[in-house]
Amino acid sequence: MNATITVTILSSIGFFAGLMIYVASKVLPKEDESLAEAARVKEFLPGADCGACGYPGCFAYAQAVAHDKQVFAKTPCPILAQDKGGMKKLEDYLGLQAEVIVGKKAVVHCTGGSHSIVEYTGLQTCAAATQLASGFNECPYSCLALGDCVRVCPTGAMSIDQEHHVAVVDWETCIGCGLCVTACPQGLPELIPANTPQYVACNYQAKRDIPGRKRCPDGCIHCHICEKVSEEGAVTWDEKKDLPIFHVTQVDTAIEKCPRHVIRKTVAYEEKELEVVGSAQETG
Amino acid sequence: MNKNKGFWPVIFLTLVVIIAIVALTLTNGITKDKIIQAKKQAVADMLATLFPHMQSFDYDKDSGLYTILAGGEPIGHAFMAKGRGYSGAIDILVGVKPDNKSLQGIKIITQQETPGLGAKIINPSFLDQFKGVGINEVNLSRNGGKIDAITGATISSSAVVEGVKKAIIRELGSQQKGGNS
Amino acid sequence: MNNLFVVFFSMALVNNMILAKFLGLCPFFGVSKKTKSAVSMGIAVLLVMLISSAVTWPIYYYILVPYGVEVMKTVIFILVIASLVQIIEMAIKRTNVTLYNALGIYLPLITTNCAVLGITFINVNQVYSFWEAVFAAGGAGSGFLLVLLIMSGIRERLEFSDTPKAFKGTPIAFITAMLLGLSFLAFKGMV
Amino acid sequence: MNTHVLEVLGLKRPAGVHPPSSKLGAQTAIERAPLPETVTLPLQQHIGAPAKVLVKTGDEVKVGQVIAEAGGFVSAPIHATISGKVKQLPTVASSVTGKAVPGVVIESDGQDEWIELSPADPDKLSPSEIVSRIKGAGIVGMGGATFPSHVKLSPPPEKTINTVIVNGAECEPYITADNRLMIEHPERVLSGLAIVMKALSVKRAFVAIEDNKPQAIAKMREQVSQMKFPGDVNVHVVPRRYPMGAEKTLINTILGKQVPEGGLPMDVGALVHNVATLAAIHDAIVLGKPLVERVISVTGLVKTPKNFLARFGTPASALIDLCGGSDSNADELIFGGPMMGIAQPSFETAIIKGTNCILVKKSDLREEHDCIRCGRCVETCPMGLLPLQFVNLVKHEDYDHLINYHINNCVECGSCAYGCPANIPLVAYIKVGKLELRKLGVK
Amino acid sequence: MSSFEKNFRRGIVRSNPTFVLMLGLCPTLAVSTSLDNAIGMTAAFVFVLVASNILISLIHGLVPNKVRIPVFIVIIATLVSIVDLMMQGFVPALSKSLGIYLPLITVNCIVLGRAEAFASKHGVLDSMADALGIGTGFGLAILLLSFIRQLLGTGKLDLFGHHLFTIPGFSENPVSVLMLPMGAFLVVGTLLALFRWMGVTKNE
Amino acid sequence: MDNKPLVLSPSPHLRGRNSIKRDMYLVILALLFPTAGAVYFFGLYVLLMLAVSILSAVLIEYGAKMMRRRPFRMDGSAIVTAILFVLVMPPRSPLWIVVVGSLISIAVAKEMFGGLGHNIFNPALAARAFVTVSFAGALSHWIAPVHSMLADGVTTATPLSESFTYTLSKGELYKALFLGNVSGSAGETSALLILIGGLILIAFRLIKWQVPVFYIGTVALLSWVLGKDPLFQILAGGLFLGAFFMAADYVTTPLTTRGKVIFAVGAGVLVTIIRIYGSMPEGVCYSILLMNAFTPLIDRHVHPRVFGMVKRTKKEVA
């Protein structure tokens, strides 16, 4: 008898709690629109509200993810991370996978052959170095190899070739985000379609010759041979920079004929030999 | 029926709570006596360290006084004391001889004193000093009592002494008077 | 009155939830990276502690004790707290988005914050009166807020530090917590 | 007195530093440098829009002929500094920003043939005529900032300027050009001041000179008493402390007013002109001469430090040779003073309007350590900033927050880096930070 | 069987709840002052985890979304209470030294986290394996901690009243700070860094 | 004008003569006074402690730097920490505790945070707090000043602890406390010698005079208000040592002078509260550690007055 009373009373607490939630959800106005996307993202999350992700609870995390997808890529929910299927669902929903396979890759328009004419002792960043006399290399347009691009690269595709003092891109890991393009004070990296088989590894602008500074032995001499030997439209000329622009057509003759051998092959270049050479190895 | 719709969530939650309560009530039924017994046993064990000949005890809830019995005869009393130690409260069990005139001994139940220093109050060398001391003689020796403080741990030592003193007055103050008159 | 102050002070500094009782460590390490969120979290915890202490006290002493079912306290307390938090969160979320983003998003984390359930247990174990329980909750919450605030300040500075790689992030936060705990020993024996 | 008490209590910061003044050429009279064989003139020698070139290769030019016109309101024309033939129109690396800018190279014919000058009596010119003549003469701030002078003299109508301050502080170590100018040509400087006062109808002016230049103070005082001004002119001796010569510091020291953040001196009713600029203004109005030459100190590790009157575009090596060449230890060439000057990559770099000093020195390279938070940079910053916070943020590429610490208030005086025990190149970090902030589009 | 094994193994190292996920730290730090406590806590924890995972994987299809968290929490709380009562009844000393940390398993993020993330999406057997794995990982972590803290903090090892080992000369002046809360922070922080340094776990 | 490439470095091209090394060795110079006092009052054993402390600290720093693959520099910071640590320890501390102290101060409180400049807490005080909690028993051995270098000390209580009773007159007592002729931590007893060292620091502009003045001043004022003898409160215990050598430490205190004053006042209040209400007899160590923890928050909110921002209200810095 006594037991029954206790059970009834205690259960009524449970009933009351449920009732309150029910009433609250009925009486209160609908959620604000700005939270709708976050609410949808939250459906994919475990909902344990453990705070291990660094956000105060799952909904806060969902809000952050809804605001910036990269949050999920950089700090995935630790509970969800053990659940492959769940991860996949959220990735699909956010379209993260699709974003990785973008059609552009970065190339660096420099071979790194220019030597330093002064002893630069300032901050070891390209941005700082260019503030003094356009950098410390003989070629004022050359890669300074201090790695501003490496630091911003989210996937670690950028690295510095210490032998030649030039930044190189690994196309396997490059996602074509373009962060290096904005980071480089010399304007050397460029995003090109991932199916472009070659690019010119020089940014020397003949029309902006600086007295006392000169191009490196590998630099483009603006001879237009590549343009002449290739079929119409395969190579166009950037008049402002006085440099060739290559497109998706493979220009074997031009590569061969270039007196400076400054046209570099990318992984999209199809060679007779089956060996696939990445631009990273090629720049050497 | 959609499980998310209408009033069903409320009913479901209530059902779960009912099951939980019932399960707990059942468990409680099994363990209730055990727990009470275990608690009693714990107290008995505690008291037995001061009164090795103890067979059973009585507990007066109002005064907080334990009466220790052996063969039906009281062989002493015991009560809890609290001292304000170096880093928090010290709980002390105080045992007195049946005549309420002198101590049977004391035992430290909980303490958080500094290890290696204040925590030496649990050492027998300190505690044994209390055995057989008259209830009016509980005081540090420098204050004219019979208890020597632990070197370097004066605060902890005096915390124990003061706590015991206070508890004696609280528990035995009236009895003593009654006995005298 | 004096007694209430002692309870408050003791729970805030001497028996600090995080540094002395190990309660609420997940949010302590999780949400102490930025001062802004640390403050919001601390305030949210403080509020929920106050409310849940005030609600569970009468439930315990007017329902559970009279019927001799103190053993149910875990189930009932957590049920009440969880529902309460959910209702408060829902209310804030649907009425004031700004407030929700500043404070409300911290609420779900609090359900699984042992500090909140912990303080209700401590209230029961210490046999606090109603006002003592409320002040204890206030003290515990304030202490939580204080330590979270200090920690977030330190961690923001550590962001700029050349911390060894293996120690970056949580490990150094633990070491900091240790040194913080050592300094909080200053309050030992004050109550 | 009050200020002193506050400083002792540490409640008012005596900002700045006291680097050794090393004024090597202070007693050497100004010497006219021989004409260079070729001059290289970058088309951007001032802050603002670059000038637009008017000549082509092969053109014959005379001294003072405009070879590039102002490219906008905040811009200044550029004049040929020697007579001869335009040899080339190359790109040159700016000796200030390091950026590649268009330039003109003129080969001398050895004649030094001037264009016809049109002198005028300043008393008979209207203020607007004065301003347009100054603009036509291509005058820019010659203390190093190279802000076009006519812009300073054309305040928007809502701002009123009531005080002109003549900046003769020359707080940078080594530089003696302004000092010599004040000693040798006080009349030109003060005549320029009178013209500026007339142009703006200002009734009050101060000539600020640091207390370590007693000769200049005496000469200027003497000259002030001899001349008639349209208002009240005082020689104000300021304590020697770097960066006293910074516009904002100077205004604060003399007038006790702080130029608001992001504001200009005119916001507190003041106008600051360097002594060299005023002398150039005098030349432009009274003699009708456009700006083609300036006084420049060649100092440091050269055999005899000297002060020259040199044409713009002269390569540094020519002037250094005139001083007997540089010491073999020297491995650093700086345009400007050692605190704010810019290191140059080659001795062939040509001087421009803002180059007040060629400093040859031995580099003082030190290994950068971690910050020990000594707070010296905070203490010495004349702008009341937290320089070490800029370093932290730039190091961690957290550029967004730089603005919260008022990075754009920094004048890059280098006081912080001068006193830093950890040898942190704070100014370099700040420059990168400003650059990145601009990239992010925050102004 | 292989999926069982996989789910079991994962919780031990790769997603160790204490050193990798850093969840449910409160009891780990609080009761790791002695091996006895660690063992008692592990037993209680594993029971609650396994039982709750099984129960939740059984009923997850029925639970309405709105009351999901309250329902799960009530189930866990009930299990915890049962363990609590059992311990009070049969091993009162242990129950006393675990104190409020035993009922606080209720709000342990690991338990609720597993319920939410795993049990409510998988079958009974997988859930059980997962719970056992996580429980073992938790147990190993807390045992390691308590081993270090007890050994260095007291200079000797005791297990259920039996004296095992004393470091000669050390037990007079042990690093007693390790028995205090700050000691736990120091040990966990150092261990975390050590695991990262050895490459067991990843850097942040 | 040979072909040697020119050096291209950012401005300023002129550097002052400040260096971390110079700062640190000047601090060591200032520390020599209280150190000499410690040896004079408590015997040659203190010298032994110093040797062990400095040696172990330098070795541990070297080891830590090697493990972290960072250059090891003999910049003197480890020596400063090591000396300070000995000065705040009881003059008869076991040598192994000194080594443990070096381990905690250098390895845990400093290198784990990233080395000099990155530590949040004062290393010497953190180590002192650690060993005090850990080895309370072994460190409860206080001795009276000995004066003859080799004599063994007589066990006594420290001036601030409860059982301390001097039979001297007030004047004599102050004199003893000022000169350092009392028991206490090795280097904290002589206010005079610490003052000399402190004045050296102020003269070389290594510390701000505001810090010790506000720190000691707050303690004096608050003690007086709460009915304690202010002169005794400031002379006894480690207040002077803490005020000149620890509360004014660069790394662990706020950057701005205003921040430093807040720090000093806060520490002063804490010392007084701890001494009067707490069970720790000596609060200087903990007061500074606690304020160290608050330092990032103070730094966050107390900025120097930005030039040209006088009339505007303080801008929020997020």
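For reference, chains read A, B, C, D, E and F in written order, and residue numbers begin at 1 within each chain.
The working rule: a residue touches a chain if its C-beta (ideal position, glycine included) is under 8 Å from a C-beta of that chain, and two chains touch if they have at least 3 such contacts.
If you're wondering where the values come from, they're calculated on a predicted model, not measured in any experiment.
Listed by label, the chains touching chain D and chain F alike are A, C. Contacts with chain B and chain F are shared by A, C, E. Here the chain-to-chain distance from chain D to chain E, counted in touching steps, is 2. Among the other chains, the CA centroid farthest from that of chain E is the one of D.
The greatest centre-to-centre distance from chain A, using averaged C-alpha positions, is reached by B. Here the spacing of chain A and chain F, counted between their Cα centres, is 49 Å. Separating the CA-averaged centres of chain C and chain D is a span of 60 Å.
Taking the mean of the C-alpha atoms as each chain's centre, chain A and chain B sit 68 Å apart. Remark: chain A and chain E have CA centroids separated by 41 Å (rounded to whole angstrom). The multi-chain contact residues of chain F, meaning those touching 2 or more other chains, are 5-10, 108, 112, 114-115, 118, 130, 133, 135-138, 279, 318. In chain C, the residues that reach two or more other chains under the touch definition are 26, 69, 71-72, 75, 79, 82-83, 86, 111-112, 162, 164, 167, 172, 175, 179, 182, 188-189.
In chain A, the residues that reach two or more other chains under the touch definition are 6, 10, 13-14, 17-18, 21-22, 25, 48, 50-52, 117-119, 121-123, 128, 131-133, 136.
The residues of chain C lying in touch with chain F in their complex are 35-36, 149-150, 153-154, 156-158, 161-164, 167, 172, 175-176, 179-180, 182-190. In the complex of the two chains, the chain E residues touching chain B come out as 62-67, 70-71, 74-75, 77-78, 81-82, 85-86, 88-90, 92-93, 96, 173-174, 176, 179. On the side of chain F, the complex with chain E involves touching residues 100, 108, 112, 130, 133-138.
Within the complex, the chain A residues that touch chain C are 2, 5-6, 9-10, 13-14, 17-18, 20-21, 24-25, 28-32, 34-35, 48-60, 63. Residue ranges of chain F in contact with chain D, taken from their complex: 1-2, 4-16, 18-20, 22-23, 73, 75, 114-118, 208-210, 250-251, 255-257, 303-312, 315, 317-318.
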